[in-house]
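Note that the chains are named A, B, C, D, E and F in the order they appear, and that numbering of residues resets to 1 at the start of each chain.
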Amino acid sequence: MDIDLIINNLVHPPVLFFFLGMVAVFCKSDLKIPDPLPKLFTLYLLLAIGFHGGVELRKTGINQEVIFALSAAMFMAVIVPIYAFFILRLKLDVYNAAAIAATYGSISAVTYITAVTFLQTLGLEPAGYMVAALALMESPSIVIAIILARIYAPKKENDENEFSWSGVFKEAFLNGSVLLITGSLLIGLASGEEGWDTLRPFTKDIFKGMLSFFLLDMGLLAAKRISYLKSAGFFLPPFAIVMPVLNGCIGIVLSKLIGLQPENALMLSILCASASDIAVPAAMRLSLPEANPSLYVPMSLAITFPFNIIVGIPLFYYLINKADELIPLFWK
Amino acid sequence: MKRVMKVEIITDSIEVENVAKLLDEIGVYGYSIINDVVGKGSRGVRSGYELTGLFKNSYIMVVCNEVEMHKIAEAIRPIIRKFGGLCIVSDVVMSIGKK
Amino acid sequence: MDIDLIINNLVHPPVLFFFLGMVAVFCKSDLKIPDPLPKLFTLYLLLAIGFHGGVELRKTGINQEVIFALSAAMFMAVIVPIYAFFILRLKLDVYNAAAIAATYGSISAVTYITAVTFLQTLGLEPAGYMVAALALMESPSIVIAIILARIYAPKKENDENEFSWSGVFKEAFLNGSVLLITGSLLIGLASGEEGWDTLRPFTKDIFKGMLSFFLLDMGLLAAKRISYLKSAGFFLPPFAIVMPVLNGCIGIVLSKLIGLQPENALMLSILCASASDIAVPAAMRLSLPEANPSLYVPMSLAITFPFNIIVGIPLFYYLINKADELIPLFWK
Amino acid sequence: MKRVMKVEIITDSIEVENVAKLLDEIGVYGYSIINDVVGKGSRGVRSGYELTGLFKNSYIMVVCNEVEMHKIAEAIRPIIRKFGGLCIVSDVVMSIGKK
Amino acid sequence: MKRVMKVEIITDSIEVENVAKLLDEIGVYGYSIINDVVGKGSRGVRSGYELTGLFKNSYIMVVCNEVEMHKIAEAIRPIIRKFGGLCIVSDVVMSIGKK
Amino acid sequence: MDIDLIINNLVHPPVLFFFLGMVAVFCKSDLKIPDPLPKLFTLYLLLAIGFHGGVELRKTGINQEVIFALSAAMFMAVIVPIYAFFILRLKLDVYNAAAIAATYGSISAVTYITAVTFLQTLGLEPAGYMVAALALMESPSIVIAIILARIYAPKKENDENEFSWSGVFKEAFLNGSVLLITGSLLIGLASGEEGWDTLRPFTKDIFKGMLSFFLLDMGLLAAKRISYLKSAGFFLPPFAIVMPVLNGCIGIVLSKLIGLQPENALMLSILCASASDIAVPAAMRLSLPEANPSLYVPMSLAITFPFNIIVGIPLFYYLINKADELIPLFWK
């Protein structure tokens, strides 16, 4: 595997700021981005990604490739939480298994844009519709996880009346982050090139800077949360690495089946591989308060996210380019 | 100068609007809310999740009479069961406020 | 009335983000811009508008047109709260009537810039001195309202010593938002083109993006506050639409009398029509704490503001262009 | 371990500096202030006005002796009358602090 | 409905993690923390330093039994000596919470 | 001394916003930038300054001039707190003397960039390595001050076990602000021109705007803190002016000895003259909690900082250009 790819990925300023954040925590510095400033970066990124995606989507329009890619994304968003749940049930109770399954079935927008940044340094740009895939993949795993928890959880007395399907769908699809990215995508679609020119300095020019700040904060958070995993036992940390690799590889295979370009294949596989850092925690807190957030949050934030941006992105890109050799081997 | 009760509730801040609604239904005169409360309890550390502002508690204080106090405890029990937290009660003297 | 004008106004990204905010609340999403981030956008807009206005004002200088326009603005700022007060007294107590009158006599900076944005899509740009009109119109209604409340309020015992004229003027003219926009205007005046080049990427290039964020938040707030109006009865909601139309029309007539260009006439009429969202609530809280903020805040935010940016701006622009036909009719 | 009084005041946060000034004049040893308090009372909901950070309450806590407590209640009554809120008093034990 | 104690600690917020660690060692069931507390005491005004968010206090509340209360007072005394603040104790009734 | 220099410095928009902040406080306006927004500007400035410096440093590389300049900076950072401490001991107790000495031995990043801005209006640009000098000068005085306090403070019983050298070094060198500026400098070094192009719109284009906001807040803070100095007596306010002038002059002499260009000499002298506003208060609070922050914070913020940006910068620049005449006089 090309070591240049990894290095190239790592010396990019936004990624370096991620490491700076981790370093700060490891040497016990008091560097901190206080609440609610991180929320500002989160809102900004969701708005900018969604809007950009919408503008691009309007350019390409909806064709067969788009439909195939979105269907593959949707398929993964439904299937991943199901098999993740049953694997996790080997060691965990129903609530935690469901919450972690939801986390790995959904996506991480910041992992997505780190992959875009990686492609840009190679002179590539993913298709605009991949942002639609991102938006589509955020929610289904939330619904699946709640259904699974309902089916397998021990019945509690006088609990029936509290559960409402409309509440579940609301949490899944009207979650603040899902709504903001989807809404911004629709606004991008509606306003097109002209709207893009209006907002470009804000949504594009300063984007990498805001991303650097965001990743600095992610580094701080990831490093701080690692200690929470002490209580997680020997099963979950490896899971947080094996699961994304597995999901990413399935994503690659699907991409090849539907004939995606390498850059779009990378986006699909990194979406499959990434674990939710914004939408799922918000939904789980309300819908599965029995699950322990100090498991599913740090697994995603402190293991899967750094793994994906350091190893995952270049690895999947390498595999995508080797896939024509590998897939035949796989079939034999 | 009147003896009244102070009810203090700590629970997940996503439930704060529901608690407020219950208090309105009970008809208490007023209440105060502090939203940025972190802490530790049976469900582990709740230290806030900076990216999204999740996972914080709220502190709700109600100055009320004894009848209301019992109604409040009754009404919020299911919320605290589900979302964690606690409710404590103490005697205070209302020094300035509505009769 | 030209339907294109309305549509053209509405598909502009910042305005679309306003609707996204409203939609988020209506479908009970948890999308939220937490305190004090909205204050950041507020400060930014005031600074950028003031600074830009100052730079432009330096270019045009002070001529007869400027003096006429500023006098008209000043006249409206004094007269509107007076007649609004007496209309409101038909149904309301003195304190609430005074506070709402102050709200409608003052202006909304974000309505102003939405109108600027509307003109820009038509290839027009209002004169720089209109920002001076905006700054001038913020405060007078506060003073008028306090005077009216002093005259008509039932006398309270041992209250005389609390009232201070200097306090009233301080609140009216040294209010944070008034000071920031006026100060930025003076800084723009002092630093001129050279200063503009220094700050342009900040105060102009990313402006529309910051405005989008601001309007997203306004949408969230407006929709949330609508429910407060349930207790407002049948009088105030219609008032919150009729009053701006009336004020805007008087603004148009005045503009025609002093011969303003259509783009400047639009700005004057929208200033007259808009209701304060920042300066007046801050002043009323201190000077008329007896008035109920859950009346004057949502009337301005949840009715007048959306009405103005959706209907008011294109309507007034239409009327301005039709005015040469209408005014003679009016005189007959 | 000394029995002292805890005075808790809630009022509009624009008045917090005035309350602090009054406390200084009375000569209390110290006080603590929490600024982001929302709530409901006779003047309706005070939930904060996000655009400008207006319309919030502050919570002021003073640990003091009984004489000071009475002076405080006296001094802040007009503020609470005008800007709303309440003041409650309770007995506590000072476990660590200045004598 | 059980009589318990409420321990309230105010100290410099840089020490809040140390206080939490001490509470964990003592083994209290839980605690709640409010971080944005300003105030005045023997070391002057602590009103926050906006540039860096420095110079604020934290308020820590622990609902516990009497034995724990004494251990807490013992453990945090050196912190309050060094970084300022106070610790007060009062009786409350646990209305809803873990047994 | 050239009056044009001062005026030129003062009509620059960011500096004007500083005055606007002061004016707002003096006329008791409620203008306020609420917590934690100022922290956002602080983090931004540190990141942008460090990153820019790193990129520039990579261009120039390390040569004799760089080594000389950094050594001079380091020397001043060690020597200033020592003589400041003994001067302060004439009137103050050990703890306060040590904390104020640390404040004056360290630097103020925002004073630094105001000086850069001043040079830019003259068409000059300081060398990139001066940011390295800035980063180097932040910490030493913290260590020195703690050592001095340890040596001269009255022994307390049972206190030995609390003191830890590793804690002191952590506070001094891993302080959030030191780490962020140093880390950003290293990231700038690592990513060079290419990284610069990525982040330029964020770290350069909007920089002056963010600086304006920051200075607006500094003006508000400085004016608010002046009142704290009432209790400071007659010794400290003059100290807060004489000390920077003395340090700045020594900086000029050193610059001449090592042959720095005027623009770099200005940077070195303003670093010497400036007093810490971010790093030292954070470190002192933890390491010398016995010292009174309402002395060392307002001295730096409310006297030395305004003095430096109004008088100090043009004064030192004037002296640097006159130094060839002055130094011989000095030797005689």
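Following the convention adopted for this analysis, a residue touches a chain if its C-beta (ideal position, glycine included) is under 8 Å from a C-beta of that chain, and two chains touch if they have at least 3 such contacts.
Keep in mind that this is a model prediction, so the values were computed, not measured.
Looking at chain B and chain C, the chains that touch each of them are A, D.
Using CA-based centroids throughout, the chain positioned farthest away from chain C is E. When every chain is reduced to the mean of its CA atoms, the largest separation from chain B belongs to F.
Chain C and chain D have Cα centroids separated by 36 Å. Spacing of chain A relative to chain D, judged by their CA centroids, is 46 angstrom. Averaging C-alpha coordinates per chain places the centre of chain A 42 Å away from that of chain C. One finds 19 Å separating the Cα centroids of chain B and chain E.
Of all residues in chain A, those touching 2 or more other chains are 33-36, 39-40, 176-177, 201, 205-206, 282, listed in ascending order. Shown for chain D are the residues that touch two or more other chains, namely 34, 36, 53, 90.
For chain B in complex with chain D, the residues that touch the partner chain are 4, 6, 20, 23-24, 29-36, 63, 90-98. Those residues of chain F that touch chain A in the shared complex are 36, 39-40, 43-44, 47, 51, 170, 174-177, 179-180, 183-184, 187, 190-191, 195, 198-199, 201-203, 205-206, 282. Those residues of chain E lying in contact with chain D across their complex are 7-8, 10, 34, 36-42, 57, 59, 69, 73, 76-77, 80, 85-90.
Listing the residues of chain B that touch chain A in their complex gives 12, 14, 36, 43-45, 48-55, 82-84. Those residues of chain C that touch chain D in the shared complex are 33, 35-36, 38-39, 42, 162, 176-177, 217-218, 221, 228, 277-278, 281-282, 285-286, 289, 292-294, 297.
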